[in-house]
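There are two complexes below, and they share chain A, which is joined by chain B in the first and by chain C in the second.
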Partner chain A sequence: MTYTLYFLRKNPLTIVGLMIIFIDLILVVFGPLLVPYDPTKAAFGDALRGPGIAHFFGTDHAGMDIFSRVIVAARLDLLIGVLAATISFFVGVPLGILAGFYGDRRGWTSWGSELLMRGMDVIQSFPVFIFAMVLVAMAGTSVRNVVAAVAFVNIPIFVRLLRSDALSVREQPFIDAARCAGNPEWRIALRHLLPNSIRTGLIQGSVTIGWAIILTAGLSFVGAGVPTPTPEWGLMISDGAQNMVTGQWWPALFPGLALGITVFGFAVVADSIQRVMDPTAR
Partner chain B sequence: MSESLLDVRHLCVDLVTFKGTTRVLDDVTLAVQRGEMMGVVGETGSGKSILQKAIVARLPKTARVSGQILCQDRDLMELSEDQLRLVRGKEISLLPAGGREALNPLAPVGVQIANAIRAHNSSSKRYAEQRAVDLLRAVAIPDPEARAQAYPHELSSGMAQRVLIAMAIANSPSLILADEPTAGLDVTVQLQVLEIFAALVRDYHSATLIVTRDLGIVAHFCQRVAVMRYGTIYEVAPVREFFGHARHPYSRALLAAAKASRGEEMMANETRRLLSGGRKADVIENRPPARLEMVGEGHFVRVAE
Partner chain C sequence: MGFGKSAGVVSKRMWVTARSRVGVLGHLRGSRVVGYLRRRALFLLPQLIGITFVTFVLVRLLPGDPATRILGSLATAEQRAEFREKLGMNAPVWEQYINWMRDLFRGDLGISFFTSHPVVDDIRDRFPATLELITISLIISLLVMIPLGILAGRQTGGRLSRLADRIVFGYGLLAGAIPDFWLGLILLFVFYHQLGLAPPPLGRLDIGIQPPPTITGFYTFDSLVTGNFQAFSSAVRHLALPVATLVFVYGGPILKMTRQVMSSVLDAPYIEHGRTLGLRDRTVILYALRNSLPPVVTITGVIFGYLLGGAVLVETVFSWGGLGQYAVQAVQNADFTATQGFVLVAAVFSILVYLLVDIAYLVIDPRIGT
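Right after this comes the complex of A and B.
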């Protein structure tokens, strides 16, 4: 605990990251109470107004207030991004560790590992976007199914990352030494292999949050995500991109900034968590 | 018949690779008696470490093994991986080379020792950790309560090595395989660490098979010595006999090399000390291992072929 405080003092960027996440959380909880306009109310007379006093971030092509929409969208986007990333992290990391731990050994466990990796190959052989789209189309369009599909297509990335790390860590002398001390296999996997391989998994997790939101936007764009008037950063970006051509940059820029800053916050905090947990960095 | 603690018989290890098969251990027969300290010397690549790894069945996947490894009337070669786990650390423990490398960088050393204890009995976590502190005290680590919380990178290499000794001895095994236990330590620390190790081993009545390239260590600590080269044993002898009357030309070359590097006088003193008393092997075997010929009491030399 004292070390965490010391770390924060030495790494002000982490505080910035924590503040970003904190602000995000406030938006998630109180978002709809903070906005000056109804985020889904079109006002075609006010379409495509630039940023100003009345509309801080301007209005989009339907005259909806972008500031209000960016704030209200936080609830949905964080739900999708964080939940999807969390699910793929907690499924992918253990599978990857097991695949690395048991892969290329004697016995049936090695076959299990091979089978798993070939399964991952199959998932990854589909273009991510198309695959997610098909999954949502089959299961029906709902936020729950979008989260499930986005999480599912991201699992192989975690499995692969963790497997490759586990494969190299398991050859380290301390793993063999632990085995020679008579430690059971489960403890070697859990206490020796996992903590020493999880680093890239955490970083990937934070990146996946952003990626999941972008993917959701793509899904929404083709009608497999959330329906159009719903405030959602990815959807706003893809809608706003059309206005860019004609010089109205604000409909796409502000949700883009919100998304970028959020991803940055999570990435910084994930990196900091990893560093706080690493005793050799103290 | 086997009063020996560890009885390795006709052990052969082949490494089967793409380039062909390499015989790394060739018909090794060796016995270790209860409570004795036996040295295995030889040059790099002579098979010393492979021998230890074969005993605890931690050879690379490409290895093909034949022969017998008898320990407490069981053939270790016939045990399953689960049964072997119960032997490793409990009856035979390995004191690995490499110091800090052999410790998990992300766990406090006290916890790692406690895990080694808990791997073999169902003691509570708290008890095992208390015991780990006692072991750290036994290996002369100052302020063991605080050091138990330390991570491997926070320890000096001498301390890391002592932690490994504590871990190796944690379940009072009857045999400890030590692989170059002091490689990479500076000379003053080497002696200190070895003294601690030898004293502990004596207290616990454990036998030790210590692999080293340092004949000084052998002279100082061991009762018997085996010389290895090209995966076979060239000579087995009680230490006093060896330093006085080594028979095999290779053994003599080793001794000469040690004299050259350590100084004539020092070796002479060491030899004199050994010849005038010193430590004496408790049990002398008089059964010549395969391909070795008896040339004196407990003294075997490889015959020319």
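Right after this comes the complex of A and C.
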């Protein structure tokens, strides 16, 4: 704890990252209460107004207030990011632990582990974005399918990381000691291996949140994400794309900034967690 | 990998000649590469079959009826049934898979509903555009980021080196946080709309300029070889913004990795030993670089594989007309033969890239694979 405080004082960037996440959380909880306009109400008479007093961030081609949309979108984007990362964490971590614990041994469990890893190879040979895009396009565009697709393509990363971690931890003397003490194998995996490998999973989890938000935005950008006119950062950038070439920069700039700042915040915090939790780096 | 192939079969004497001919790579035992490839092929085949299977399942078995999607919801039940019959979709699933695989072996990926051309032809026509974009982006990333990474990784302890280190760290986080398609749009606004320096985002050449005759399909290369400088400069101008976008976003991980590996390698005892022997700084850095390469090669390979799909967004922004844009159209139009074809090609391409990465490992590090 003292070290964490010391670390924060030495790394002001971490505080910036934490503040970004904190502001995002406020937007997630109170977002719709804070906005001056209905984020999905079109007013064609007010289309493409530049940023000003009436509309802080201007209006888009349908006259919707961009400021309101950027604020309200935080809820959906963070929900998708956090949910997808959580799902990949809870599926990937146990699979990775099991694969590492039972891999390269005798018997059918080893075969199962090998089969799982080869399956992960196959999934990972598909370029991530393509895979997610086709998944959503084929299953239908909805928030649920976007979460499922983004979670699915991230699972192999967790499995791989946790497996290699578990492979080295299981060779440690305390695992043998636990075995000598008469613990059944499942208990060794659960009570002794898991707590020692979970750190890797947590760090990857916080990285995945930011990455999932970018992926979601990309999916919306090509029309394989949430349906219009849902306030979502990627979709807003997509809507503003044509205006960019004709000189109206605001419909695409602001949602991209919001997205970039959010992902930056998660990346900074993930990096800090990694350094705080690594005793050798002190 | 010519030297590797020849060395495995020819006599030792010839190998010695070949060995002196390959110079720097002379220490490489060609048989290692061949042996490795042979072992690797054992895993590759099941993996390829797995890929065809997943591709098939992905497109055919997910919820959503292609007949409804393509014919629209107004089509009658008979029309839909007829359509399904025509596509052979009434057969049992395993039979459809076998049929699809049989066509695949003949090099037939079906006809695209949207362009009404064979999917194979569509992909062949568009592949060079994407490959040119991502290859040039990666080459420039490497040329820029590796020297920067060395600079930041040296950590001489001075004020300047600490500053460089901070900048690299911040840039790494920033590059990972910015969506590439958004950056492309911003660059477009600044360089096309405001400054008028860049051409409009409408493909690979200015309107009215004939593409050079196809040799490689890379417009820059083809136009240069045929001496068509007008097409060359047009192609370079059109490449500038999308390449800048990709270099900024995907150069980040390369820079971060180079810096990290360089700084840990430079801490190694043998580097200190080299220094005490009085080796020049440049020589020491070159030794360290050689030993830092494997992780850098890995990350480059991963990015290359990712970019084939990842460039989809940047291609869309710049109407690049490459494979990525084709895939987006296919997905948007529920053109499932084209989608299937693209997914398959993309997966096979990334497997080949990973294979090349592994071979590069063997070349760089003589300790691997023996």
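In this section, the second predicted complex is superposed on the first by the 177 of 282 C-alpha atoms of A that agree within 3 Å, B and C clash if a C-alpha of one lies under 4 Å from a C-alpha of the other, contacts with A are read in each partner's own complex, and residues count from 1 in each chain.
Following the convention adopted for this analysis, contacts are C-beta pairs under 8 Å (C-beta built on N, C-alpha and C of every residue); 3 or more make two chains touch, one makes a residue touch a chain.
Keep in mind the model is a prediction, meaning the values are calculated, not measured.
> Give one of first, second, both or neither to describe whether A:Phe264 is in contact with chain B, with chain C, with both, or with none.
It touches chain C, and chain B stays clear.
> Could you look at A:Ile97 and tell me whether it touches chain B, chain C, both or neither (first, second, both, neither)?
A:Ile97: touches no partner chain.
> Once chain A of both complexes is superposed, is A:Gly210 in touch with chain B (first), chain C (second), both, or neither?
Second partner only.
> Mind working out whether A:Pro173 is in touch with chain B, chain C, both or neither, as first, second, both or neither?
After superposition on chain A, A:Pro173 lies in contact with chain B alone.
> In the superposed arrangement, which partner chain does A:Met244 touch: chain B (first), chain C (second), both, or neither?
In the superposition, A:Met244 contacts chain C only.
> Looking at the overlay, does A:Ile87 come into contact with chain B only (first), chain C only (second), both, or neither?
Neither partner.
> Looking at chain A, does chain C or chain B touch more of its residues?
C
> After lining up the shared chain so the two structures overlap, which partner does A:Val72 touch, if you call chain B first and chain C second: first, second, both or neither?
Once the two structures are laid over each other on A, A:Val72 reaches no partner at all.
> Tell me which partner A:Pro127 touches in the superposition: chain B (first), chain C (second), both or neither.
second
> Within the complex, which stretch of chain B touches chain A?
Within the complex, chain B touches chain A at residues 56, 58, 61, 85-90, 93-94, 96, 98, 101-107, 112, 115-116, 119-120, 151, 153-154, 164, 167-168, 170-171.
> Touching chain C in the complex: which residues of chain A?
For this pair, the touching residues of chain A are 13, 118-119, 121-123, 125-131, 133-135, 137-140, 210-211, 214, 217-218, 221-224, 234, 237, 240-241, 244-247, 249, 252-253, 256, 259-261, 263-264, 267-268, 271.
> List the residues on chain A that touch chain B in their complex, please.
105-106, 172-174, 176-185, 187, 191-192, 195-196, 277-280
> For the complex, which residues does chain C have touching chain A?
Listed in rising order, the residues of chain C that touch chain A are 43, 46-47, 50-51, 53-54, 58-59, 62-64, 170, 173-174, 176-179, 181-182, 185-186, 188-189, 192-193, 200-201, 305-306, 308-310, 312-313, 316-317, 327-328, 331-332, 334, 336, 339, 342-343, 346-348, 350-351, 354.
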